[in-house]
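Everything below concerns the one structure shown next.
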Amino acid sequence: MHERYQSERISQIFCDENKLKQWQNTELAVLKAMYRLGYIDKKIYDQIRKAWLKNPINIAWWKNRDQETGHDLNAFLDERYRFLPTKLHQYVHKNITSYDTEEAPFAIMLKQALEVVDEIFTELHDTLKALALKYRYVIMNARTHGQEAELQSFGSRILTWYKDLKIAKDALDNNRRVLQYSKLSGAIGKYGSSDPTIEEETLKVLGLNPYYGATQIMPRILYAPIGQSLSNLVAVIDKIATDLRLAARSGQVLMREPIKKGFKGSSAMPHKQNPINWEQEEGMAKMATGYMIMLTSLIKTWEERSIEQSSVERVAWPDLFHVVVRSLTLLNKTLKGLRVYPDNMLEEIHKSRGVYASSEVKEFLKEKLSDSGLSNENIYRIVQLACFNVFEPAPARLKIRETIPSSFGEALISLNRFYNLPIERYVSLADIIPLGELKFTEELNIAPSDIDKYNQILKKLFSKEEVANKWFKLFTPEFLLRNEATLYWEILRVK
Amino acid sequence: MHERYQSERISQIFCDENKLKQWQNTELAVLKAMYRLGYIDKKIYDQIRKAWLKNPINIAWWKNRDQETGHDLNAFLDERYRFLPTKLHQYVHKNITSYDTEEAPFAIMLKQALEVVDEIFTELHDTLKALALKYRYVIMNARTHGQEAELQSFGSRILTWYKDLKIAKDALDNNRRVLQYSKLSGAIGKYGSSDPTIEEETLKVLGLNPYYGATQIMPRILYAPIGQSLSNLVAVIDKIATDLRLAARSGQVLMREPIKKGFKGSSAMPHKQNPINWEQEEGMAKMATGYMIMLTSLIKTWEERSIEQSSVERVAWPDLFHVVVRSLTLLNKTLKGLRVYPDNMLEEIHKSRGVYASSEVKEFLKEKLSDSGLSNENIYRIVQLACFNVFEPAPARLKIRETIPSSFGEALISLNRFYNLPIERYVSLADIIPLGELKFTEELNIAPSDIDKYNQILKKLFSKEEVANKWFKLFTPEFLLRNEATLYWEILRVK
Amino acid sequence: MHERYQSERISQIFCDENKLKQWQNTELAVLKAMYRLGYIDKKIYDQIRKAWLKNPINIAWWKNRDQETGHDLNAFLDERYRFLPTKLHQYVHKNITSYDTEEAPFAIMLKQALEVVDEIFTELHDTLKALALKYRYVIMNARTHGQEAELQSFGSRILTWYKDLKIAKDALDNNRRVLQYSKLSGAIGKYGSSDPTIEEETLKVLGLNPYYGATQIMPRILYAPIGQSLSNLVAVIDKIATDLRLAARSGQVLMREPIKKGFKGSSAMPHKQNPINWEQEEGMAKMATGYMIMLTSLIKTWEERSIEQSSVERVAWPDLFHVVVRSLTLLNKTLKGLRVYPDNMLEEIHKSRGVYASSEVKEFLKEKLSDSGLSNENIYRIVQLACFNVFEPAPARLKIRETIPSSFGEALISLNRFYNLPIERYVSLADIIPLGELKFTEELNIAPSDIDKYNQILKKLFSKEEVANKWFKLFTPEFLLRNEATLYWEILRVK
Amino acid sequence: MHERYQSERISQIFCDENKLKQWQNTELAVLKAMYRLGYIDKKIYDQIRKAWLKNPINIAWWKNRDQETGHDLNAFLDERYRFLPTKLHQYVHKNITSYDTEEAPFAIMLKQALEVVDEIFTELHDTLKALALKYRYVIMNARTHGQEAELQSFGSRILTWYKDLKIAKDALDNNRRVLQYSKLSGAIGKYGSSDPTIEEETLKVLGLNPYYGATQIMPRILYAPIGQSLSNLVAVIDKIATDLRLAARSGQVLMREPIKKGFKGSSAMPHKQNPINWEQEEGMAKMATGYMIMLTSLIKTWEERSIEQSSVERVAWPDLFHVVVRSLTLLNKTLKGLRVYPDNMLEEIHKSRGVYASSEVKEFLKEKLSDSGLSNENIYRIVQLACFNVFEPAPARLKIRETIPSSFGEALISLNRFYNLPIERYVSLADIIPLGELKFTEELNIAPSDIDKYNQILKKLFSKEEVANKWFKLFTPEFLLRNEATLYWEILRVK
C-alpha cells in the first residue's frame, strides 16, 4: 500500500517480522503438543524454545536464503536450524508440510488485523451515537432522489448511518468466526504422515480448533466472506461520506468537513473548502471492491492446491485492511470535527414551501373529503397541483428564465437583472390549499374547470374552524417527527 | 434481459432466428467458395441453396433436436438435412467444425448490434451538439468537489460531455476493427482437414478476412476490448446523468428531466419530480460493469478451447447491448426534453458572492501588489479571508445557527425565527476587497494586525481609478469566459 | 436470463404474477393490521379482500397503465381500485409509500428463491455423501500444483468437496437471516405518516419483523452478503467441476460425465466425449461473479434513496438465482451418473513410482539415520535424488526425447521409433533406496562422491531385516490412509 | 506493491522523486512557454530554472509541508519558493491550477512505464518466436475440452500464444495513443485565467498536445482503456501459463518449468517439481483484474471534478504495472529455460490410438462410401463406435475397473493386481476400421445388426488396394499438418 494510506498498526501485523514470529510459534506449538502427548521429551522442546527465543530471527538472512531456494518456509527453517545442534533438527517441522506451519499464523494475523478494525469501528460508532443524540431535534429536509421529501431530524438520519454500519459489522463478525479454525493435516490434508491428535493439541496451544476437510491448505471459501464483509463495510462508509458530500454542496451548505487553520483548499481558487476526505472515502471504496474481487477469486483452486492464492493474499489482505482502517479513521476524524449549519437546514425547509408535508396533506384531504365525491386520484391531483403552484416563479423571474442570451454581454444583462429582482416571500402549501387558490399549470394535465371545482370544495372545507386548526398541525415537527422516538429506542435504547 | 429494459432491435439480432440464419449463410458461403475454387460443381451449391431458401428453418424442431443431442450446431444441421436428398449431405459442413460455422455469425451479430449503437449514439451526440450551441451563453457556476469554482457557460459544460462521449466512442471504434476477422480453420485451428483457401474465399463471401492463429475458436482476447469499450461508454453516460442529477437537486434546481402530463412522481408524496431516468442510468452502468467483467473473464481458456465461454456469451453480449442501447436512448430522450432554469443558475452565481473570480482576483492582486512587499502567500491569504468573510452570517442568523434545540417545540421556534429573519443582500468579493473591509475570522489563522495592514494596502490600491475599472471587469462573463470560443472551435469547429 | 439456462421455478418466483400477488398480500396485511389495531372496521378489510380475491390481477392492464404513468406501484393500485367502490379507496395504501408495499414482497421472493436453492443443495449434498461412502477405499493420487502428491482415497477427496459446499452454505444461511426483516415506515423511514405499531402488526401477518433504521427502502447492505454467498457457492461448484475436468483429461481419464445414448460430442470429431457440463459450471461461476458485483455495488445510494438499485435488482437477483440453480442441478446430475475408472487411478499410482510416499520415506530415514551424521538437509537430498532417479528414461527413450525433428517426415520417424520402444517396467522409490542405487543427475546439485556415501549408508541400513519390513509398510494404503477415518467421523459422523 | 513482486524500474517511475521532478518540468515548461510567447522576459525563466536545478527537491521537507497544508502540490510549490527571491514568486504557477501542473507528469509517467512494458514484451515475444521455430516439427495432441483432438506441432501451438499476445499488445498500443494529450486549461478546464496558446506551447515543450474538453482534470475515460488493455495482456499470459501448467501435470509431463540446482519443491515431499511460477501468473492475473476494475471505476466523477480518483491512481497504476512487468518477466524466464519432453508427447499420441484423425477418417469414409447407401449420420456413428472400441479395456483390466474395494486391504490387492496385468499393445483406429472389427458397446445406441452391416461394408471397401494406401496417409503428420505452413507464413512471415 502506498505509504500515504498506510496504517502503521496494520503494517506491523503483516510485516515479515510478525509473520515469521508466528511461524515460529506454530513450530514451537507442535513441539509442545508432541511432548504433552508423549511423543518427545519435554527437554527437547525446552532446548529448542530456549535456543530460538535467545536468537531472534534474522530477516535479512532469511530473505537471502529464500532467494536461493525459492521456498520461503524452507528458508525460515534453515535460518532456525542455525541455532540448533544437528541432532535436534529431526524434531523440527516433523511430519508436517509448509502450510501446516503457515495456516495458523495466517488466521492469527487476520484476527489481529480485525481487532484493529474493531477498535476503530467502536470509536466511529460512538461518535455517530453522540452526534445522533446531539442533533436529535435539529430538523432538516430528507431527500429521496435528491429531491426534498419529508422532514426528519438530523439525528435520526445519523441513526440510519449508525444502523447501516452495525449491519455491516454484524455480518463481518458472523463471517470471521471461521478464523477459529486451522489445520496441520499434512501435504494433502489427509494426515498422511501427520496425526489428528497432534493437530488438535497444537491448535489448542495456539487458541484454535481443527478444521476437518482441508487439503494442503484451508479452503479459501472460508476467507472470501471476510474480504467481502470488509469491502461492504467500506461501501457503507462511502455511502455515508456521499451523503455528507451532498450536504456540503455549495449554495446550500448543511455541513462541512473540519478544516485545519492554515489549510489551503486549492492552489488556484483561495475560496475553496473541498470535502476531500469524504471524496477520498469513495476512492477507498473503489479500492476495497478491487481487493474484494481479488480475494473472492481465490475460492477456486486446482485439486489439493495450487499456489496462485499466495501472491494475491500477500498483497490484497494487508492492502484491504489498510483501506478499511483508513476509511474508518477518516470518517471518524471528520465527524468528530463536523461543522453543522442548522440555519441552512431551516433555510432549505423554508424554501421547500411546505411540500414536505404533501403526504400528510393528501391523507388529511382524503379523510376530510371522503364524502365530497372526489376520488383518491382527484385528491392526489389537487395536492400535486398545489405543490407545482407554490414553485411557480413571478413574472419578472419567469422572463429571465425564458430568455436565452446570445452573447456574454446579454448574459451579463440577465445577471444584473437577476440581482435587481424584487425579493419575494415564498408561498407555502400550508397557505394556498386552505385559501383554494390552485391555478392552472401547463406542466400538469388538469383542466381549469376541474381546478375551479377543487377550489370551491377546498374553500368550503376550510371554512370549518376545526379543520383549519388541525391543518396547521400537519406542518409542525412535533407532529411529523413524533415517531422518531421509536427509532431512538429501538436502535440506541434511548428514550 | 428483463423485458422492461429490452431493445427490440437488439433482441432481433441475438434471437435464434437470426443466429440460425447466419449459420446457414456460413454453410452456404462454404459451398459457394468450394464451387468457386473448383472443388464442387456449381449445381450442387445451387440445389442446396434453393432447397434451404425454400424451406425456412423450423426453430421448434431445432430446439427439440438440440435437447436430444445436446449439440446445437449438429441439431441445426440435422434440421437442414431434412430438406436435402441424402447424396447431397456429404457436401454440407464438409471438413469444418461447429465453430467454423458459428464464428463468422458471432462476429456479424456483434457488428449488427454495434450498428444499432452507432445510430443511437449519433442521435445523442447531435442532441448534445444542439444543446451546446443553444446554451453557449447561458452562464452557471462550475463545481469542483461539489463546491462553486469558476464561471462557465452551460454550453461549454455540455461540450465536455460531448467530448467524453466521443473519446469513449473512438475507443470502441478502434477496438471493434477486429470484427473483420473470422476463421474456418477446423477443430483446432490448424487446418487439419480444412483448407486455407476455402477459408479465405468463404470469409470473402461473408465480407470478412481470415484470422491466423485461431484454435477451435477465435481467441476471446479479440472481443474483450469491445465489451470494455461498451461498458466505458455507459460509464460516461452515467457520469453525465450524475451531473444532471446533481443539477436537479431540489433547493437549487438548474435542470430537470421532462415529465409526461399525467405522470405521478411518488405514490406517497404528490409533489415529487424525481430524476428517475438519470438514476436508472447508474443502474445501467452497474449492470454494464458486471457484464464487462463476465466478458473479460473469457480471455482465459484451456488449450485449444473449452466451452465455458459459450453460456456467458449467450447471456452477457445481448444483455450488455440492451443496457448500452437503453442508456443511450434514455439520455437522448431526457436531453431532448430537458427543462433548463437559467434564472436558477443566475441565482447560484448571485449567492456565490463573487468568489467564482477568486483565482482572477488573486492573480490581479499579485500583479498590482508586486511592489507592496506582500508575498504570494500573503495575497493568497487576503483573497481567502475575503472569501470567508462574504459568507459570514448576520448576527441574528448566527444565533440560529448556534442554537441546538432540545425538543421539537424548540425546533419549531427556530424555524419560525428563521421565517422572520430580515432579508439580507449578499456581500460580494467584488465589493469588500476594494473597500478594504476584511475582517478577522476564527476559521483562518490570520492575525488581526495583518488584516489591518492588508486593508490599508487594498484601500490604497483601489484609490487609483484605473485599478477599480479593471477590477470590475474581472467579474464579467465576457472576461471570464473569453476563451470558451477555443473549445467551440476545437471540438465542434464552430466559430 | 437466456431461456437455455432458466430454472422454471425461479422464473415463477420472480414473474410479474407472483410479484403483484405479493404486493396485494402486503396491502391486505396492512388492512388486516389496521382492523386488528382498531383503526378500521373489519368489514372494510373483508370487503376489499373479497373483491380482490374474486378479481385476479390483470397483468396486461397493469403493464399498459405502468407505461402511461411511469410508476409501477401506482399502476398496480389503479388496477386494484377498479374492483372497489370509490368510498373504499381511501383505506387502501393509506399512509404508506410504494416501497412500504414492495419491500416485504422483495424479501419474501428472495426467501422463496432460497428455498429452491436449499432443496437442490440438499440433493447435491446427499449425492456427494453417497459417493464419499461408495469410494471410501478407492485409492488415487492426490495432486498439489497438478503434481502427484500423496495417496488419498477418492472418497476422502469427495469429503473436501462436501465440506467446502457446507462452508459456503453455512455462510449463506448466516447471511440470509436478515430476510426476516422488512419495513413500512413511510417515504423516508421515519414514520412521518405511518405508524410503528401498524408496521409491526402488518409484518407479523406476513411472517416478518420490523427493521429499525430504514430510509424509504431497506438499506442494501442487508442483501449484498446474500448475493456474495450465492456467488461463493457457485465458485465452490466451479472448483469441484474443475477438479472433475482435470480428472477427465484424456490420456489418464479418472472419471467422466455421464453420456446419453445417441449423444454427439463434436460435429467434426466423432471420438469426442467432452466434459461440457463441467466447463459450463465455469461459465456459471463467471456470470455469478458478475451479478454479485452488480448487487454489491448497490450498497451505496444517495441519502434517503435513489432508484438505481431497482433496474439492477430486477435483472441481477433472478439471473443470479437461475445461475445458482443451474450450477447446482448440473453438478448433481453429472455426479449422479458419474463414470469412475478405478483402474486408471491405479495406473496413475503405478506410474508415480512410489514417490507418493516421499514424505514418509524422508521421515523414516530421518529417524533411522539420526545417528549416521547425516543432517535433515542430507536426508532431504537423498530422497529428492531417488525421486528424480526413478523417472529417468532409458537410453532409447532419452534419445527420442533429445531429438528435435526438422521435418514432419522426421517427426513420423520419431513416432514410429516410439511405437517400437521396448516396454519398460517402472522403477520404484520402494526399490532403489533399499538397494542403495542412487545415481548422479544433472538436474540436482549433488556430488557423485556424496551419492556414493549415501548409497553405502542406505545399504547398511537396509541390511537390517526389521528396517526392511517396516519400509514396505510405508507404501501401503492401510498405513498411509489410516487417518482418513477421522475425516469420515468428523465430517459425516460415519465410523 | 509487496516488495516480492516489485519491479525496480516501475518503482523508480512512480516514486516521489520522479513525480516531483516531472512537476518541476511542467512548471519550467510554462515559464518557457511564457517567455517564448512574450509574456515574460527570458531572464526570469533562466533565473528560476537555474535556482531550481541547483537546489534539488527536498522530499522530506515536502512531505512534512504536505502534512501541514493537506495539499501536495502547494507543498511542492512552497518547497520550490524557498530557492527563489520573493519577487520571482509571482511568475511561478501563474494562472494555472494544481492539476495543470500534475496532468502532464501523470501522462508522462504512464508513458515511461509503458516503455518498460514494451521492452519486456519484445523479449517475451522474441522468445516465443524462437520456440515456435525450434518446435515446428515436434508433434503433439491438441486438446479441446481437455480431450485429445487433432494433431498439431508444438510450434504451431506456440504461434497461437504469440498471436494472442500480439492482439493484446496491439490493443494496448491503440489505446495508449491518448497519452499524447494533456491540459493546462485551469481550474475548470475553460481557460478562465489561463490561456490556450500558453497551454499549447507548454505542452509542446513537454512533447505533448492539448486536449480540448478537459475539466479541472483530464477525463478518466481516456485512461481506463489502458488499464483494461494491461489487464487483458496479463490475462493472455495467464492463459498461456495455464496451458503450460496443464502440460506439466504429472503422469504425462510434456513440459516443465526450469529448476535451479539446489531448489526445493516442497518442505514435506522431496519429489516435487511444482510449476509455481506459472501458478503465480494466475495470481498476477487476478490482481490485474482487481486493479483494472478500480481504474475503470474512475470514469465517473462529479461535475468538473472530485478527488476520489487520486488515491486509487496512486495505488492502482503502479501496482498494475508491477504486476504486468512481473507476469511478462516470469513467463519469459520460464520459457527461456523451458524443459520439453517430445517423447512424452509421442506417448500421448500413441495412447490416443489414432483418434486424432477421426475427423479425417469421417470425411474419407463419407467420400468413399457416398454410393453405399450410408447417410452422413451412419458414417458418423461408424467412426464414433470405432473410437469407443479402441479404448475398451481388456477383461482383466475391466474387472479391476469394476471392483470397488471395501477396505484398504482390498485396495492394496487391486493395486497389486494392476501391477501384474499383462502389458497390452494399444489398438488403433487405423487398424480396426479397415479390418471391419467394430464391436457393440453399451455406451452407444448402435444396434448389433447395424454393426454387422457396417463391418461388411468396411471390409469390402478396404479390399481395394488404393483405398488402403490412401487410408494410412490420413494418420501421418505430413498429411495432417500440411497447412501449418500457412500459419508460419501469415504470422511470422517464415516459409
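To keep things simple, chains are lettered A, B, C and D as they appear, and every chain counts its residues starting from 1.
Everything that follows uses one rule, which is that a contact is a pair of C-beta atoms (placed from the backbone, for glycine too) under 8 Å apart; a residue touches a chain by one contact, two chains touch by 3 or more.
This one's a predicted model, so the numbers in the text were calculated from it and none came from an experiment.
Hopping across touching chains, the smallest step count from subunit B to subunit D is 1. Shared contact partners of subunit A and subunit D, listed by label, are B, C. Comparing the CA-atom centres of all chains against that of subunit B, the greatest distance is found for C.
With centres set at the average Cα position, the gap from subunit C to subunit D is 27 Å. If you average the Cα atoms of subunit B and of subunit C, the two centres end up 35 Å apart. Those residues of subunit D in touch with two or more other chains are numbered 97, 143-146, 149-150, 186-187, 193, 245-246, 262, 264, 266, 268-269, 274, 276, 279, 289, 293, 297, 306-307, 359, 481. Looking at the complex, you find that subunit B touches subunit C at residues 1-2, 4-5, 68-71, 73-74, 77, 93, 96-98, 186-187, 193, 245, 260, 262-269, 274, 276, 279-284, 286-287, 289-291, 293-294, 297-298, 306-312, 314-316, 318-319.
Those residues of subunit D whose C-beta lies close enough to touch subunit C in the complex are 134-135, 137-139, 141, 143-150, 153, 245-246, 248-252, 259, 261-262, 264, 266, 268-276, 279, 341-344, 346-352, 355, 358-359, 362, 380-381, 383-384, 387-388, 393, 397-398, 400-401, 403-412, 414-415, 418-419, 423, 429, 443-445, 476-478, 481. Residue ranges on subunit D touching subunit B, taken from their complex, read 81, 86-87, 89-90, 92, 94-95, 97, 142-146, 149-152, 156-157, 159-160, 162-164, 167-168, 171, 174-175, 178, 186-196, 210, 212-216, 219, 221-222, 224-225, 228-229, 231-232, 235-236, 238-239, 242-243, 246, 285, 289, 292-293, 296-297, 299-307, 359-360, 363, 366-367, 370, 375-376, 480-484, 486-487, 490-491.
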